[in-house]
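What follows is a pair of complexes built around chain A, which joins chain B in one and chain C in the other.
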Partner chain A sequence: MKVIKKVLGEDLRQYTMVLALVVLILVFNIISDGRMLTSSNFQNLLSGNAYVLILALGMLMVIVIGQIDLSVGSVAGFAGMVMAKVAHDFNLNWFVAVLIALAIGALVGAWNGFFLAKLGIPGFITTLGSMMMFRGLVIWISQSISVPAPDELRFFGAGYMPEWGPAFTGMNNSTLLLGIIGIVAFIYFELRKYKHSGEISGQKQPMWAVVTRIVLVSAIIAYFTWLYGTGREGTSFPIPGLILLILVIVYHIITQKTRFGRHIYAVGGNKSAAALSGVNVSRTYFLTMMNMSMLAAVAGILFVGRSTAAGPADGTQWEMDAIASVFIGGAAVSGGVGTILATMVGGMVMAVLNNGLMLMGVGADKTQVIKGLVLLLAVAFDVYNKKTGKASIIGRLFPSKETEKK
Partner chain B sequence: MQKRKIMAMMLSVVLATTTLVGCGSGREGSTNTSDEKKTEATTQDTASDSEGEATETATATEGFEEGATIGVSLPWLGTQNWKEAETMFTEELEKAGYKAIVQAADQKVPQQQQQIESMIENGAKVIVVGPIDGTQLGSVLEKAKDAGVYVIGYDRLIENTAAVDGVVQFGSVRTGELQGQALLDGLKAEKGDGPYNVELFGGGPADPNAPNFFKGAMSVLQPEIDAGNIVIVSGQTEFTQCATEDWDNAKAQKRMDSLLAGNYSDKEIDGVLSPNDGIARAIVTACEDAGQPNPVVTGLDAENESVEWVWQGKQYCTVAKPTQDLVAKSIEIINSLQKGEGMPATDVATDNGKIEVPIYELDPTVVKKDNIKEVFANDPDRMALLKD
Partner chain C sequence: MNENPLILEMRGITKEFPGVKALSDVTLEVTRDSIHSICGENGAGKSTLMKVLSGVYPYGSYDGQIIFDGREMKFRNIKESEQAGIAIIHQELTMIPELSITENIFMGNELTKSGLIDWNEQRRRTVELLKKVGLSVSPDTLIKHLGVGQQQLVEIAKALSKNVKLLILDEPTSALNEDDSANLLELMRGLKEKGITCIMISHKLNEIAAISDAVTVIRDGQTVESYEVVAGQVDENKIIKSMVGRSIENRYPEHTSNPGEVIFEVKDWCVEDPEVEGRMVCKNSSFYVRAGEIVGFAGLMGAGRTELMRSLFGRNYGIYKSGTIKLKGKEVKLTSVEAAIENGIAYVPEDRKNLGLNLLDSIKKTIVSANMKKILTGGLLDSAKELAASEEYKKALRIKCKDVGVGVSTLSGGNQQKVVLSKWMFTEPDVLILDEPTRGIDVGAKYEIYKLIHELADQGKAVIMVSSELPELLGVVDRIYTIFEGSITGELMASEADQESLMKRMTVTSA
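And then the complex of A and B:
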């Protein structure tokens, strides 16, 4: 057990969900006779869920500051509809239409942020208002009739990276390149971390643990590179997945490495203490809400791209999927706790569950029941662990000496 | 020593999983060429029908094995006709020897997109799609085309994509005409001489059939309105004014409540054009609540409750679009595809924004109190509702 701990790093709790995810994928793969782990299914998994995962990125930050945003679905629907509408009715270039959609996201975010940060109205109420307003506006401007979107947008919602270079690799070379960059970057950051690891505690991580970690993660990246790269010709790691990947990296850095990120956690953990230590609380609130709505616009754009049209019901209940992903990822309802990466794992658990049940031919009704139970169990498990101070499933299956002492 | 053992174990597990689960296929070529041909064939207009048919059969000679997987994606199970479709498709497809995957998407477009993708993953040869929103399935249906899957629209038109082989539906303009005519007949039979006070309701605007129902009905009613025999008291005659978001009965009832409160304090309402049974019942209830005499109300779908109401005289008529007929026609097409005979010939086609889609049209039946026992003679469930 100690060995696993050394390899995975000290904080085992966040790996519970990763483990659950791996088990889910493998179990579904066996039940569905290997239809889960195929190139096309994983391409679908990312293209089909990118919009929820992008919403979850923003929602994690909103939940960390101790708020909630109920308007994201309506805002996504509204931004997507305006984009399709201006492109269709005024013959605007698709690129201009996308910029307009993003601007709408920013404006709505500023509106939400203003009421929360400046007037102190709780996010729940502010965004409940926005949710109704923008749902109404979508129906109003569209007259409840779907609007076809510019064809170029399909690239963002369902497109693939280009094919180029030699054919002997037997896979999509863009995907291959992406995988190689991923592995090299991981090795670089691991070695850098290793170099600096002893500076504070005076005790370096054991080299073998670092090497095992590198081998393990590289193998996983290599496997997915292979999986995504060897699909039908013309397919690759999907574009919505690539957009998501870039956003995940950006937001991981923002939340973990920047001052703004630290402010978010400080405000969420203890608002008064943060204010007293010089954190501008209302500015943090404002920016977080604004960021959320912008991401909602991005999600709306991707979805319209995939659907080839913007519909009046787009975005209905998306906020709930995003919120569920964040909480399954271990964020605390009270705020201050949660990470981008764990949220992505939470979102993927939901996505894989959905996908696997569909592959098995389970209906939407039963899928909803199962997803609801998983959400509840995941959060209950988390709360229970915090109360008892026990580490995780892994920690409980293999009690080490440290945890026994507690 | 122990550390090493565990490490070795972990590594081998990782390696084993990566190699075991990774036994997928290599890269396959796409099947675009046959699609292009097929699109050409379907865009042939009706004049050169025989030629179009020949091309189609030529591109589709292969067929597929008996017992192949057939996917059916329905919008939801919230109304009786969809629930019936689910049951019938499951039973009939299995009876015909296919492996059926029948799923419903709870009125959520992303859910339906993912369900269709999972049907492609499951190796479906034909996917029958009753779309939630006919315009929003473009990219997933193109994926189906790329995988060589036939796509048949069910009950609603699939728009904004070339990746559809045909649509099975009841003629929706025709249905509207029947509704309009039934309303007119009912007014003459039950409300004496005109002019009649009438209100109009339309279906869910996201459903491409809804404007067609309305158009069909108006083609019958408009001349009467112009002649002054029918008065639309509220003045609301545009489809967008009369539409009922999501076919939601509650919204229709609210609209009827406010129409009655706003326009009928000193008048009696004689008739209401209703696009389906749920909305018809909402309208009748609203009229009862407002103390109005029972108006002549049309309907659609022959839902159980409305069949009873028609029998009792509370709802003037409904239009039956027997789910059985739709399912039977769909399975007929699937069988033809299976044998390698391609899509059957049809002389109706509709522009869906990208291509001319072949339409397999069926004729609906108006059900009134005087013919209800004949119409449902072969339907024991509905006959049981007709108590004296």
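And then the complex of A and C:
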């Protein structure tokens, strides 16, 4: 146990879900006779779920400030529809259409943010209103008919990274490069952390733990690089996956490394204390809501790109998947708790469940039931752990001295 | 009735939590019809003992014997202890603000007639009960419209409705002003005469001294001393000595200030109540503080001390009407807390848990939270700088914790307050406003906070200290302003003031 703790860090709880995800993938892989861990399946898994995961990024922040946004599905649908409409009806350049869609996201976010931040109407009500309004508007402007999207968008919704360079690598070189960048970056940050670890607290972490961690993570990155890089000719790590990856890094930094990020957690943890520490609470509310709707527009654009047309029902119930991802990732309903990375793991759990059950031939009806149960169990497990102060599954499997005493 | 002069005997009570022995072999004997005070530092085990007594910790989860009214009791829950005649009034009031007094008193024990609530009978009894506790308001008044003192009385009325024999009051006056406190103590004396025994847990030694018939001191989960006293003639120093296990020669550290220039000056400050239009919570308040000077604000609860301070701190409270603030001779307009912090003002709020801290945060995140600019590297928060800063304050203020990464919720009150103070010291303020900085903190930690306040003044900071405890103000500050109903009513040098002269100005407006 001590060994694991040294490698993964003190807070093991966040690894419970990672472990669950790994187990889930392996179990599905076995049941489906190896159809889970294939290049094409994982390529589809990522490009088919990127839009929900992007929504979950914004939703995490909304939930951390103690609010909820029910309008994201409708906003994504609306932004996507307007984009397709202006490009189709007015023959606008696809790039201009995308900018218009993003602007719509920002405007809707400002609308939601205004009611929440300036008038103090809870996000639940504000966004319930927006959800109805924008769903109605999508159907209104489209007259319930799908509108074809500019072809260029297909690249963003379902494209792959280009093929180049020598063939002897045996895989897509863009993917290989991405994997190498990932591994190098991880090693760099780990070593930098190691160098600084002893300076202040006087306790340097052991070298072997750092090395084990590097080997472990590098192996995982290498495996997925291989998995994504060795698919069919012309396929690679999908573009929506790349967009998601960049957004995850950006939002991880925003939430963990910027003052705005700290403000989000402060407002969610204790609004009055935050206000007395110089945090502008209403500005934080406003920006968080605005950011959410902009991400909803991004999700809408990617989805339209993938499906080559904007439909009147696009985005229906996406908010629910996004919210579920955030809570499976361990965020607190009362706000103040939750991270981007855990949310991504939560979202992947949902995605893998969907995908795995589909591979097994389980119908959409039963899949819904199972997903609902998983959400409930995951949150119940988390709440139970917090209440009793007991360790997570990993802690249970490898009881340490500290947990034994309890 | 019963020959036994003792109404309650707790023998050899031992209660263990995982890894901690909260109580070990505690004995408590309470004489019938008396007021018995229990004192001890925070975390000494007083509340745990009361939870054992009232059945919060059921029989079997502790060792030892409880003999109440001559019979051994094995309470499994609060309901059983209530039926036996034991009632607890907690520090935090537990009533529902949106319901009326009657509804709250009979909550959970509604009187019914053929299945429906018998409102007439409930109301009639409520009037009777309110008379007993000396509260003359309508039984239909909503709890939220009552003051804290009145709410406390309703709590007691609720206990009385259950035919209580033994009433336990946990820090009953901690939220009350002097008047209400005196009122409550008077009521306890009255209850004693009516045959209700009271156990009072309190930090306020003057109150213990005023009304106790017996005192038990608990320290580190053990009974240190228990003896009968004569109300009004209690040796407070003796209690302090056994509470802390050492004699505190002087409760307040020695200090001489060297005041410099006036660096904070407020003129004709007027603020309106945000909820009641036309009601002014600050009326033409003017005062000044010199660099290196500690200035006290004395006022009763509700006098407008906190309101004044919060309105000065970037208009965090109330509606600003008029008045000016001068910092180092220059007039500034502080329209937001952010601006106030940037201009070198810090405010440590009175309500630590609700206003001072985000209990979800770790120590290090809390310490840097009011001045994150200081730990930026290339626009991003630098965790190495954050760690360095928090380690520095941990050492300087002797914050007791495993490491600075642990949550602030795991700390004791005194250490939490040190974290809050660190957070504000990290903003490098020129003016520090401390609102009740020692509230809910035990004697030892208070001394450390006082010393810290003195150090801050020695560094040339202007310190404003708001406090309800007059001895504390007299012992720590240099100059005292008194405040009453939103107006500053007097200004005294601490060396020339005493409790009476202050109290006079805190209760009467100077014409």
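Rule of thumb we're sticking to: the second predicted complex is superposed on the first by the 405 of 406 C-alpha atoms of A that agree within 3 Å, B and C clash if a C-alpha of one lies under 4 Å from a C-alpha of the other, contacts with A are read in each partner's own complex, and residues count from 1 in each chain.
Quick note on the criterion: a contact is a pair of C-beta atoms (placed from the backbone, for glycine too) under 8 Å apart; a residue touches a chain by one contact, two chains touch by 3 or more.
Because the structure is a prediction, the values reported are computed rather than measured.
Annotation for the three-chain superposition on chain A: chain B and chain C fit side by side. Once the two complexes are overlaid on the shared chain, A:Gly336 sits against chain C while remaining clear of chain B. The larger set of touched chain A residues comes from B, when the choice is between chain B and chain C. Contacts of A:Ile246 after superposition on the shared chain: neither chain B nor chain C is touched. In the superposed three-chain arrangement, the CA centre of chain A forms the vertex of an angle with the CA centres of chain B and chain C, and that angle is 130 degrees when rounded to a multiple of 10. Once the two complexes are overlaid on the shared chain, A:Arg262 sits against chain C while remaining clear of chain B. Look at A:Gly363: by the touch rule set out above, it reaches chain B but stays clear of chain C.
By the touch criterion defined above, A:Ala273 reaches chain C but does not reach chain B.
When the two complexes are overlaid on their common chain A, residue A:Leu191 makes contact with neither chain B nor chain C. Contacts of A:Tyr223 after superposition: chain B is touched, whereas chain C is not reached.
With both structures placed on the common chain, the touch criterion links A:Asp314 to chain B but leaves chain C unconnected. Per the superposed model, the minimal spacing between any CA atom of chain B and any CA atom of chain C is 26 Å. Common to the chain B-facing and chain C-facing surfaces of chain A is no residue whatsoever. Chain contact summary for the complex, chain A toward chain B: residues 3-4, 7, 26, 29, 32, 34-35, 37-41, 44, 48, 51, 139, 143-146, 148, 154, 157-158, 170-171, 208, 212, 215-216, 219-220, 222-223, 226-227, 230-234, 303, 305-309, 311-314, 316-317, 354-355, 358-359, 361, 363-365, 368. Residues of chain B that touch chain A in their complex: 3, 6-7, 10-11, 14-15, 17-18, 21-30, 76-77, 101-111, 113-115, 117-118, 120-122, 132-140, 143, 146-147, 159-161, 204-206, 240, 243, 245-246, 353. Residues of chain C touching chain A in their complex: 18-19, 310, 313-314, 316, 336-338, 340-341, 347, 349, 354-361, 365, 369-370, 372-373, 376, 379-381, 384, 387-388, 391, 403, 405, 423.
For chain A in complex with chain C, the residues that touch the partner chain are 10, 196, 199-201, 253, 256-259, 261-262, 265-266, 269-270, 272-280, 336-337, 405-406.
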